[in-house]
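First chain written, first letter: the chains are A, B and C, and each begins at residue 1.
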Amino acid sequence: MQTSTVRVVRAMAASVFFVSASSAWAQDLVIGGLFPQSGNNAEYGQIFSSGANLAVEHINADKKLKGTLSIVYEDSQALPMQGVIGVNKLINVNKTPFVLTGFTGVSKAIAPIAARTKTVVVNGGGVGPDLADLGEYFWNTIPLINLEVRTLAPYMVKERNLKRFALVYVDDALGQAVRKELGEALKSSGGELIDSFSVPVTAQQFAGIAARVRDTKPDAVYIASYGGQQAQIAKQLRDNGVTQPLASYSAFTIASVLALPEADGAFYTSQQVNWDKGDAITKRVLADYKEKYNKAPSPYVLNYYNAVYAFGELAAQLQKEGKPVTGENLLAQRRKSPNFEFVGATVKFADDGTVSAPIQVNQIEKGAGKMVYAAPAAAAPAAAPAAAPAAK
Amino acid sequence: MASYLMNILVLFSINAILAMTLNFIMGYAGIFSLAHAIFFGVGAYTASYVAIHYTDSLLICMTAAIGLSAVLSMALALPALRVRGEYFVAASLGLQVIGVTIFSEWHSVTGGLSGMVGIPPPTLFGFTFTDQAHFALLSVTAMLAILGVVALLVRGSFGRSLMAIRDSESATQAYGKNVQAVKTLSVAVSAGLASVGGTIYAFYMSFVNVEGFMLDASILLMAMVIIGGTGTLLGPIVGAALLMALPAALTYLPFLPSEELGTVQQMIYGAAMVLLMMFRPGGLVGKRKGKTV
Amino acid sequence: MLYAQLFVNGLQTGALYALIAAGFSLIFGMTRVFHAAHGATFTLAGFMFYEIHTVLQWGWLAATLGALVVAAIFGVLVDRWIYNVIRRHEGSFFTLFVASFGLAIVVQNVVAIVFGRGLVTVSTPLSRSVEWLPGLYVAPITGIVLVCALLCFLALQWLLTRTDVGIALRALGENADLIQVYGLTPRRLSQYAFLIGSVLVVPAAILTASTSGLNSAMGHHIMLISIAATIVGGVGSLRGAAVAGMLLGMAENLSLAWIDPQWSEAVTFVVLFLFILFRPGGVYGKAVVS
């Protein structure tokens, strides 16, 4: 028979244990990652998550947050429906207030769910211009493709004298957006989009398309696809007698395309990153990433690092003020302090959740991208609306 | 946790509806369709289209879905059922492929690969289905209702004609039964009721796109029917339950990486189909030798 | 010149489809088994070639042998271990078809786990085309495809008309019970059918790997072509399947002059539907109504 004292002590010990344990659990934060982990686009998933993981590591090492931060991944396979299923799991089962995503199609499908459940969703890889209009809970850390195309078109027309373009585009939200943007951008620069050819997302055979592209006798061919398919398109175009220069957008910055011998000499745009920014965060990311993966991080890595970093900053501020880390509070906090010292850039989130960054044009040379043109910062559209009324 | 379980309940009921309606033609009429996912899709897209553009009344959307599915299925049945066996398989495969292409390309109606977003919640007699619990109730009720309809049809004279046709078409014709009409009608019923599942699915996810209606989905439905047991009333329900529990059960195996879950799941039911056909063609619920009454 | 180019492309695709369809039709015509795992044979042969040639770097000869061995063994074992068991106690069309289908799914996913679900190609300079005429580009591999297909069909023709096994196989297709009277075993012969039918797929797999690439889910497409060509050509007619395969390959490529590639698979099926509607017997065969 235990004495009442012993029982009280036990009860106290138990309650202390439960209280501290539950408060520790209550403080541990979980964010979600909705990336393609399998299929033709798995390469992007690996790149995106490497950036996110590094940021989670840094945040925990710096003890920036009360409790540990962890990230849970779901496989979107870069498909909208899989994305919807994955994000539902992240929100309902893992109860996360913050999800990273990529790919225009997936983002468009999950945005309504984000809005309805007040979950913050951040995109660091998809570039379709619709991504700017997906609601207040959808943020982007990557400049969208209208910026990329509007930088490339005048450069190709004026500097390289390549005016007549043929476009091979994947038949989904991104491809259709590129078709529209490229047509307009070329026209306003004095060039022309002579013809465009859509391919199904799962296509592997492009000999027929190549024949039709050849038939239009373009000056250059723009490829709007991603992952394994864009490498196939480039290779089969070359195999089938298309000798004109190739061009594309930031999706080309993956190892499998850069290393492809048929892609040598191709032009592609990407966001400008100031590697020499010299502040602690940039240096640390460059050093740690190189140590782990033996190569410099691509802009995709930085975008996702920055996204998680932003979460860390916002959540830390919320915790300091004693507020729970929910999507609603994260959004409010971002509105209060929209400026961030990201890796390689000082950035301000616009009210629609986008960031703008100047674009650079690169050319593939011996398996690596070499910058050939950097658009001046004043060309970024964030400045443009302000400039327009002044110009009037 | 409750939310997770209710989600599974809704999806299970929808799959059970699809499996039951597929079993109606496969198990009882002996008609092999690899295009069932297309009728599921037609139901989903129709309901979404009507809900977004005209009215969110559940009854109207469902009726439109059933009607369109039934008519479309008759367009398939009429030519293909003249010649039996492998021809209908090929024709249904063709419909599956063409259906997916149309779903992906008819941008103005289906939204193409981006699908239809923001489908409004349905209303029935003034009540709006917003909560997961509402959908759980709706889907289970629909499943039981369809089970009832199938049971009635199968046990009645229509069902007996179907089974007679399945066992010997020429004999049934000799007895004066209009084989063509019975077969066509059964395909129409199957497709129409399948689109009920499609309607509920569209409203529940509030997002539809072609991915849910591809060949893989048709194959999964076929696996549910076969593993559960063709030609039985409860077989498809058992099959649906098992194949849905499979991915959840697989998550408990720690050595499986999460992105391979789908692959392993498919391997298991592929293997199950082979083994069952070798040793127990009647499926889990059916008799050893298959083909029941 | 666009049409000429698409015509040449169509010849290449058509020759590959003809080989694939002939293999399927041989098996189906002679053993009455709807070998839905024919696509799996193709996938295994292609990936084996890729593995030996590109990953292990043992040269194309070893790779070709490897592919042939894998295809042959797979075809024969499926017949021995799976179809025979089923045929012993029931053997209805339904059961065999489903078992075959289930096997195809298992193979597809095993390949997906081992090789991933993305695209895989075998690089070869032979796929680089050369300008023959202005606007007409032909790659050496097209020539190889056509020669290969021709040789295979000649060999098949000789096999089926001049050798005992071949003649017995044709008899098996006509009347399985009768051949037992002659002292031949249907079971042994059906294994020959599977062996030959599966091996026919190997050149197509190797050439596809070198041109448009492989992926784990391509078995479905192969089955689509096989079934469509068999029906369009006429069930039971090998020549019909080959001709239909060529026809479908041509249709798929020539249609690119007018429509987007999204619809090319649909074109195959429109052709199929038209035949089912107006000429279910196919080009050479007779319609079967039970």
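Operating definition for what follows: a residue touches a chain if its C-beta (ideal position, glycine included) is under 8 Å from a C-beta of that chain, and two chains touch if they have at least 3 such contacts.
Every value quoted in this text rests on a predicted model; they were computed, and no experiment measured them.
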Pair joined by more contacting C-beta pairs (A-C or A-B): A-C
Identity of the chain that, by mean CA position, is farthest from subunit A: C
Where subunit B and subunit C are represented by their mean Cα positions, the distance between them in whole Å: 30
Computed distance of Cα centres, subunit C from subunit A, in Å: 42
Inter-centroid spacing, subunit B versus subunit A (mean Cα positions, whole Å): 37
Residue list for subunit B, restricted to those that touch at least two other chains: 104-105, 260, 263
Junction residues of subunit C, two or more chains touched: 117, 260, 262
Multi-chain contact residues (two or more partners), subunit A: 38, 42, 171, 200
Subunit A residues touching subunit C - in the complex, by the definition given at the top: 38-42, 171, 197-200, 203-209, 211-212, 214-215, 227-229, 232, 235-236, 238-241
Subunit B residues touching subunit A - in the complex, by the definition given at the top: 3-4, 7, 104-105, 112-115, 117-118, 205-207, 209, 211-212, 258-260, 262-263
Touching residues on subunit A, where the partner in the complex is subunit B: 37-38, 42, 73-75, 79-82, 84, 88, 92-93, 105, 108-109, 111-113, 171-173, 176, 200-201
Contact footprint of subunit C on subunit B as seen in their complex: 30, 32, 79-80, 82-87, 89-91, 93-95, 97-98, 101, 104-105, 169-170, 215, 219, 222-223, 226, 260, 263-264, 266-267, 269-274, 277-279, 281, 289-290
Subunit A-facing residues of subunit C, complex: 1-2, 5-6, 9, 116-119, 121, 127-129, 131, 135, 137, 139, 211-213, 215, 253, 256-257, 260-262, 264
